[in-house]
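Report on the following structure.
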Amino acid sequence: MVATLLVFVMHLGFASLEAGLTRAKNTVNILFKNTLIPAIGLLTYAFIGFNLMYPGEAFEGGFIGLGGLGISLPEAWNTSSYNEGYTFYTDFIFQAMFAATAATIVSGAVAERIKLGPFLFFSVLYVGICYPIVGMWKWGGGFLDTLDTPFYDFAGSTIVHSVGGWGALVGAFLLGPRIGKYTASGMRAIPGHSIPLATIGVFLLWFGWFGFNGGSVLSADPGEVSLVFVTTAIAGAAGAFGALFTAYLKFKTYDITMVLNGILAGLVGITAGADLMGIGEAAIIGFIGGILVVLGVVFFDKIKIDDPVGAISVHLIGGIWGTLAVGFFGDLASFQQVISQLIGIGVVGAFCFLTSWIMFFSLKRSIGIRVDEREEVEGLDINEHSMQAYPDFASKD
Amino acid sequence: MVATLLVFVMHLGFASLEAGLTRAKNTVNILFKNTLIPAIGLLTYAFIGFNLMYPGEAFEGGFIGLGGLGISLPEAWNTSSYNEGYTFYTDFIFQAMFAATAATIVSGAVAERIKLGPFLFFSVLYVGICYPIVGMWKWGGGFLDTLDTPFYDFAGSTIVHSVGGWGALVGAFLLGPRIGKYTASGMRAIPGHSIPLATIGVFLLWFGWFGFNGGSVLSADPGEVSLVFVTTAIAGAAGAFGALFTAYLKFKTYDITMVLNGILAGLVGITAGADLMGIGEAAIIGFIGGILVVLGVVFFDKIKIDDPVGAISVHLIGGIWGTLAVGFFGDLASFQQVISQLIGIGVVGAFCFLTSWIMFFSLKRSIGIRVDEREEVEGLDINEHSMQAYPDFASKD
Amino acid sequence: MVATLLVFVMHLGFASLEAGLTRAKNTVNILFKNTLIPAIGLLTYAFIGFNLMYPGEAFEGGFIGLGGLGISLPEAWNTSSYNEGYTFYTDFIFQAMFAATAATIVSGAVAERIKLGPFLFFSVLYVGICYPIVGMWKWGGGFLDTLDTPFYDFAGSTIVHSVGGWGALVGAFLLGPRIGKYTASGMRAIPGHSIPLATIGVFLLWFGWFGFNGGSVLSADPGEVSLVFVTTAIAGAAGAFGALFTAYLKFKTYDITMVLNGILAGLVGITAGADLMGIGEAAIIGFIGGILVVLGVVFFDKIKIDDPVGAISVHLIGGIWGTLAVGFFGDLASFQQVISQLIGIGVVGAFCFLTSWIMFFSLKRSIGIRVDEREEVEGLDINEHSMQAYPDFASKD
Amino acid sequence: MKKIEAIIRTSKFEEIHQCIAGLGVKFFTFYEVKGMGMEHPKPQTYRGVAYEPAYIPRTKIEIVTADEHVDEIIQCILSQGRTGEVGDGKIFVYEALSAYRIRNNDTGEIAL
Amino acid sequence: MKKIEAIIRTSKFEEIHQCIAGLGVKFFTFYEVKGMGMEHPKPQTYRGVAYEPAYIPRTKIEIVTADEHVDEIIQCILSQGRTGEVGDGKIFVYEALSAYRIRNNDTGEIAL
Amino acid sequence: MKKIEAIIRTSKFEEIHQCIAGLGVKFFTFYEVKGMGMEHPKPQTYRGVAYEPAYIPRTKIEIVTADEHVDEIIQCILSQGRTGEVGDGKIFVYEALSAYRIRNNDTGEIAL
């Protein structure tokens, strides 16, 4: 149950990180979205998500199933006979806290230019429907779980992070870059407005990740939970160094935002196999995650997909890497497993890419997804919220 | 015991929220008060509060009782025979962390104009004496607990939040509004200086609330604790939307400060009956809480009671609503229960109103409670603390 | 295991506090260091530290021992037979989180003028080697633990905080004061740039301290853990008042930075004997800690050792006081114990002073430890990181 | 055409603004400046070290106006900006050679 | 020697900068100011209370230049600074008596 | 009466302040400005993208003073503000027509 709270804190972590890495004139907007997202996640999950994700035995091995609307209590819900050491509600609330994560990831990548309404609309559908459907494939006993060599994703490198990452990729692509990011005379930097806020965000995310991974043990077995804690801690630490070295080699600066992204990439990377790895393997996975995230940021900038916070690199690239790593390292490593992992990555990717494309594209064609140019230049805070994040301070832009 | 820590974090939540919703020139003052308040709470509660609140069986059904000064250990204090799964000290520290909450609530409503000394003096008395007396009426086995249909207040919608709310109301009224808030030409906005700080505050409060409510189960029964987690999460989420919709209908803006207040009002609302409600009922209670808080802010502005952070609306209105809701929804709903709830609300309200009036009024007549005009205009930080919160930044006012 | 997470949060607390109490132009630098330090701590501890600290029975009573490199799992590591209620990994990760604390303490005292590279180099060695050697003396069954009256240091007033404090003293001394701090015309104030950040930091540290101390019970005995929680809470609260009164008497201002330091000094003070004290004793120890920290700040300013955040006063003076207090108060109080405590303080002090002197001095003579004057005046952020912490705001300096 | 620069107490800005708006002067520019003068800034203390911040925050108003309005604007500032205590600030007047309205190339007094 | 002061839309700074750089004017000073004028600031709302911030943020550019460059610089600002909507700002010109380069005591136009 | 405007290195403010205080000049106004000039701002990097911030932060000092003090003040600034490297800044002098002390309506040089 503590794990549930830690996952809750991650939403604050995301809110802080994304606010810190964007400009002061869009801060209210980012915080507004990231405050509503967990609320949306909790409510939609209660209404429909939980049943979509865990439809029950009738749908075992299937693609989609719905066990009813709302929450209907099983018998003996309040005793731990429901699941060793866990009650029905413990299970529900832990899963519900997870749910909103996918939308938070998208929020970072589309920041500073997306319209509020369409984004919230997308979030409701993505969190309420797409995420639980994907989740069901593996965690709800769906077909990915019943492969010969079952697809393995311990706490959601693919099921959670890549789902968010694909949505982020599609959203950032369909929106186009922020004004002034890629100009005729080359790429321009748009620095985030508060490094302390971003740092607080990453520490809180790391903190929450212990719950994210630790809680996914879904039992209070101290042996396994402690192992997961260790791999989570080591992978994050190694990710910091992976990103630090790569960024230094490429840019010749000690870039704290890259170190922060590297920590997250290390964490996303270990998420799929947190219970399968030893210390050394966790360090390698984290370190490579940290390298990949820096290369990812450079790559997406090169193809002019503008992701202000690096969400695609962290969650999509990190998620794919972590999922594959289960096939290469640790207790399940085998060629068969690599294939299963690739199937999982591919199927989930195709589904998420498609559904988020459909949603963003039809929103774009109908009500539009991007604020108009003047609003973007003046800032979303003034225009969408008639507010300022820091009214007492003299700020630029 | 984890719950204790979560309640501790709430003090940081209050500090951040109140600092964020007030001006930069009063930030040191707010933080100073909110740093001392938990210290005051812990020390007075150890010295006298705990005994006032839990005077022992001799005072059962009574109005006031004192079981001695300081902390005297019962036998077998360090084993769980003291209380199923709980030691004496666990009980003490959990209650002690609660204690200071009432003063923190007041602190927000009287912010930006109250003198430091009188406020701290008030806090010591209110936290050290008034709060435990009220607490004893219900939780210490006092007369509210021995009504025919006992007054029900699970984790303190009335016993904690309204107690703070009444003090806040009286304090804000006797102080009068901040200079420039209600002028001849109409009401003026005095925006809070940091929305990120306020957002961090609310997330931390929500986080802590799981401990506040979850810990009030006073046993580690996983069934009940998990239910309480779910209702707490859902009520907060519904509160966000209740406030969002109401604020949008009334003001046509997406006001993040109202969403933040709405979350808190939802949480205050569910606090009295967190263990009695299902998901649907929690959602309704939270949603209505969110509506009420917006109406409350508008109402208090209309009658010119100036509450910079909305503390009265959140804690007093939310607290009354939550306490009543126990009579309308959930396992205890009955007409009799409504009456008992009304009795509780009324008695506690009368007592708190009276005692805080007496205290604030005699302070006002003797040493004065309000800083002088020039100090208020220049800011309390410079005048009461000879310091600035952000000396490196160019700030207005 | 929850305790582990709390200790993790302390690193965020340190990062926030140190960033808040230094200038905006050095914020990225401070955050960069404090983000890498826990990563360094985790990795070095996994590689070598844990074995240095707990070399096994073969080295009982010794000065230094090494049980191998890397982590080798004992049998039955994943069951609680390893240690009542604890697995091997639980133990490792808890200790690993502790490890980096010593370097974080140093980081605060040498802030705003030390070069990044040499500092990180120092940190790796200090955390990777010096800290575990000292830790082994007591916690790894070394000679301090096998004295006739064993040296007692419950959670590390000496073993953790003084270790950091000595390094901080040596570092700050060898670096010299920040430019402009002690001028011909007297001492000048260099205010920290964000009091809210500093306040958040101290609350998070206090929060984490419950894990630091509570987790050091090394068993889930609810009686002892709850006692430790109470003493930790009370000592922090009393420290706040100790510092408040002292600062008011000396400076005639309500200085929040001193109150924050006072809380920390109270916490450092209780750390050595958190399980031995009652409420009253905890209050006295904390209160005196709060007094000492203010006197310490004044003293180090007088002898021109420039410690921007008060780390030496908090951790070294507080640590010595707390360690001594075990001899004066509580269950072990005796003359013999005072002697043992003095031995422990002296031996650890001598070792840390020497090793950190050697390291800092040889770094100073070889690659240099201080940034050049222009870099210091312009800020480390621009010069070492080519970045600004708050690029959207107009800031001084 | 003259340029009036007034360095005023930030707290008096609103009154002065009202007064000159009453004269029909709707256009001006202002910004925060730091002043050294006879008034001394409130001493601050940080960790036991008292210090005087080097300056007092003030607001500077700049109004370019036709010669005939100069006196009445100055009267407004003098009357509304005064507390009588040290630190009320100063007004300076300068000659302006020409003025342009960027929106439509208006030149001269019509552009003010 | 003249001093040109232009109060412009902050969003037009970049275009104007390019244009005057094209004239070979590499030296100038600018800062953020607040303007009162015909354009009204966007109303804001805080907790249900709508309010107009008292001003519009603008940028002020100061260029001291030899007499012969004044006109072309003004043309730059007029052409690049215009949106045609209320609020484009103003340009004022003043006489400057002398100029010094601190680095090497250069005086007069050579110091510009 | 003259107005001296000096754009200086922020780091030289203290020295210049001391020097002119030594001349008995206790009143002046200053504020932060941004400068374009021959010195180039230190390049920054953010997530792999190097960029030059568009300007250098500088401090502008404004002193209105009687004609006879102008030269000595300028000497102070020239001597104390110099590092000899590109970017030391400039001093400009303008004519001021009149001055008023808001506190007591003093006018002319007595108001300075």
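Letters A, B, C, D, E and F mark the chains as written, and numbering starts fresh at 1 in each.
Here is the rule we go by: a contact is a pair of C-beta atoms (placed from the backbone, for glycine too) under 8 Å apart; a residue touches a chain by one contact, two chains touch by 3 or more.
Quantities reported herein were computed from a predicted structural model and do not represent experimental measurements.
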Labels of chains that are neighbours to chain A and to chain B: C, E
Between C-F and C-D, the pair joined by more C-beta contacts: C-D
Centre distance in Å when chain B and chain E are each reduced to the mean of their C-alpha atoms: 51
Distance between chain centroids, defined by C-alpha means - chain B, chain D (Å): 45
Inter-centroid spacing, chain F versus chain D (mean Cα positions, whole Å): 18
In chain D, residues with contacts to at least two other chains: 31-32, 44-46, 50, 94-95
Residues of chain A engaged with two or more neighbouring chains: 2, 191-192, 194, 200, 253, 255, 386-388, 390, 393-394, 396-397
Pairs of chains in contact (touch as defined earlier), listed by label: A-B, A-C, A-E, A-F, B-C, B-D, B-E, C-D, C-F, D-E, D-F, E-F
Residue ranges of chain E in contact with chain A within the complex: 10-11, 32, 42-46, 50
Chain A residues touching chain F - in the complex, by the definition given at the top: 187-192, 247, 250-251, 253, 255, 257-258, 294, 297-298, 301, 310
Footprint of chain C on chain D - complex, ascending: 44-51
Complex contact set, residues of chain A against chain B: 1-2, 4-5, 8-9, 11-12, 15-16, 19, 27-28, 31-32, 35-36, 38-40, 42-43, 46, 70-71, 77-80, 85-90, 92-93, 96-97, 116, 194, 197, 200, 384-394
Touching residues on chain B, where the partner in the complex is chain D: 377-378, 382-383, 386-388, 394, 396-397
